[in-house]
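Across the two complexes that follow, chain A remains constant while its partner is chain B and subsequently chain C.
Entry: the complex of A and B
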């Protein structure tokens, strides 16, 4: 699958075309190591040199996508990426089996679980602002969550979706996407479990969140 | 990659009853439930082949039993 999607160019504030794809390969994982990680290292050095807090560095910085290479051949997992002019802007891993709802209304019902979702560091607003720059593109995360909801519909899960949110992403999932927060999960470093009901997922897909 | 192929599946009355009961319980179509079963089977198989083990644990009885998957 290769579909055109629109993301926002933060310099011109205009929508530009990008490509959403599910044929993720080891090459994409290596691209995160080659392009994304050095960018964060360089940004951290600049922040430290300027006396700014390095706490703004994304908490998922240590993720190593290449360790997930074996999962590319497992049906229980799906991967999606977004590229703009062949340059990777975001990557996501979904688990489509063995996860169930925790909200009272959908307890025990299967859902798509967002295992990992990462946007390229130059698209992370707080990081770029700390560097005195604008992010390059916005709405990459939104397009990926939309793809996850569509995957849930395709699997027959009616849009049900869940994830454990990193602290810095909670506002995005709860306020921008409109997911429901449950309690922090002690089984997952006390990260907040966020969940979409079918109605919330439909509203998110049709609401045109950007 | 995502093109689907069709197959005919023959089930006994009992198997069909279980399939129908579970698909109602899980709010899934019968096809979706069977696809889930295949994915789960492959996931378990992959993890077992990596040397991991699958256990059922009864927290109340403090019992743990390994599940052998063929």
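Entry: the complex of A and C
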């Protein structure tokens, strides 16, 4: 699958064409290591040195895509990437089997679980500000979550979606996407379990206020 | 996959996402629940921080290279070096001890994760910290201090 999708150019504030694809390969993983990592390292150093609060220091640094290569061949996982002019702007890994809702109204119902999601560091405003630059593209995270919800619909899960949000990302999932948070999950380092009900997913897709 | 083509929706979402982190996954190590040290542990963290700095510089490794070598989150290392009050995760100490070939228990004690009653251990740590104060290029004296201290840690 390779479909057109629009993202926002932060310089012009206008929509530009990009591609959403699911043929993610090990080369994409390596690209994140080679191209993204130096940005994150440089910005993280500056943020820590400037005494920035833990909230805006990126916490996904330890993720090592190369270890996930084997997952590419597992049917229970789906991968999506967004590229603009062949340059990777965001990556996501979904688990489509074996996960169920935890909200009282959704308990036990199958859902798509976001196991990993990351946007290129040059699209993250706080990081780019630390480097004295402007972010390049906006709405990449939104587009990935949109793809995850649509995958849930394709699977017959009615848009149900869940993830364990990193502390710094909670605002995005709760306030921007409109997901519901459960209590911190002791089985997952006390990260917050965030979940979309079908109605919330529909609202997210159709533009209802988050 | 048919995506939403409504530009008004997209621009609104872009504005809302602006300034947010969106990352999911990959934080297992950084969030490792670490046993907090007891209040009466004698802090010799300064020696621990200096020890890490010199050991790293002796190997000519930048902080991010060191993080990669020891398989520890860079942010964790940055916090250790920048904040002596910060208590590193047990896994971090395990990884560093393995990489530097230092007894893990000793390094835990130095990092403030274990109770230290041994006055000689504390004195050696303080002495090392005092001797290795410079943060410039590793001098012969620093190199010697580091070597001696590694020997001390390994022999006892």
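Everything below uses one rule, namely that the second predicted complex is superposed on the first by the 193 of 210 C-alpha atoms of A that agree within 3 Å, B and C clash if a C-alpha of one lies under 4 Å from a C-alpha of the other, contacts with A are read in each partner's own complex, and residues count from 1 in each chain.
As a convention for this text, a residue touches a chain if its C-beta (ideal position, glycine included) is under 8 Å from a C-beta of that chain, and two chains touch if they have at least 3 such contacts.
Given the structure is predicted, the values throughout are model-derived calculations rather than measurements.
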{"item": "Touched partner set for A:23, first chain B, second chain C, both or neither", "value": "first"}
{"item": "Partner chain in contact with A:41 - chain B first, chain C second, else both or neither", "value": "second"}
{"item": "Partner, of chain C and chain B, that touches more residues belonging to chain A", "value": "C"}
{"item": "Chain B versus chain C as contact partner of A:159, first or second or both or neither", "value": "neither"}
{"item": "Partner chain(s) touched by A:81 [first = chain B, second = chain C, both, neither]", "value": "neither"}
{"item": "Chain B versus chain C as contact partner of A:207, first or second or both or neither", "value": "second"}
{"item": "Which superposed partner A:1 touches (first chain B, second chain C, both, neither)", "value": "both"}
{"item": "Contact residues of chain A, present in both the chain B and the chain C interface", "value": "1"}
{"item": "Chain B residues touching chain A - in the complex, by the definition given at the top", "value": "1-2, 25-29, 31-32, 35-36, 38-40, 42-43, 46"}
{"item": "Residue numbers on chain C that touch chain A, as the complex places them", "value": "1-33, 63-64, 72-75, 78-79, 82"}
{"item": "Complex contacts: residues of chain A adjacent to chain C", "value": "1, 3-8, 13, 15, 20, 41, 44-45, 48-49, 56-64, 93, 114-119, 124-126, 138-147, 150-151, 154, 163-166, 168-169, 171-173, 175-176, 189-191, 205-207, 210"}
{"item": "Complex contact set, residues of chain A against chain B", "value": "1, 22-23, 70, 74-76, 96-98, 106, 108-110, 155-158"}
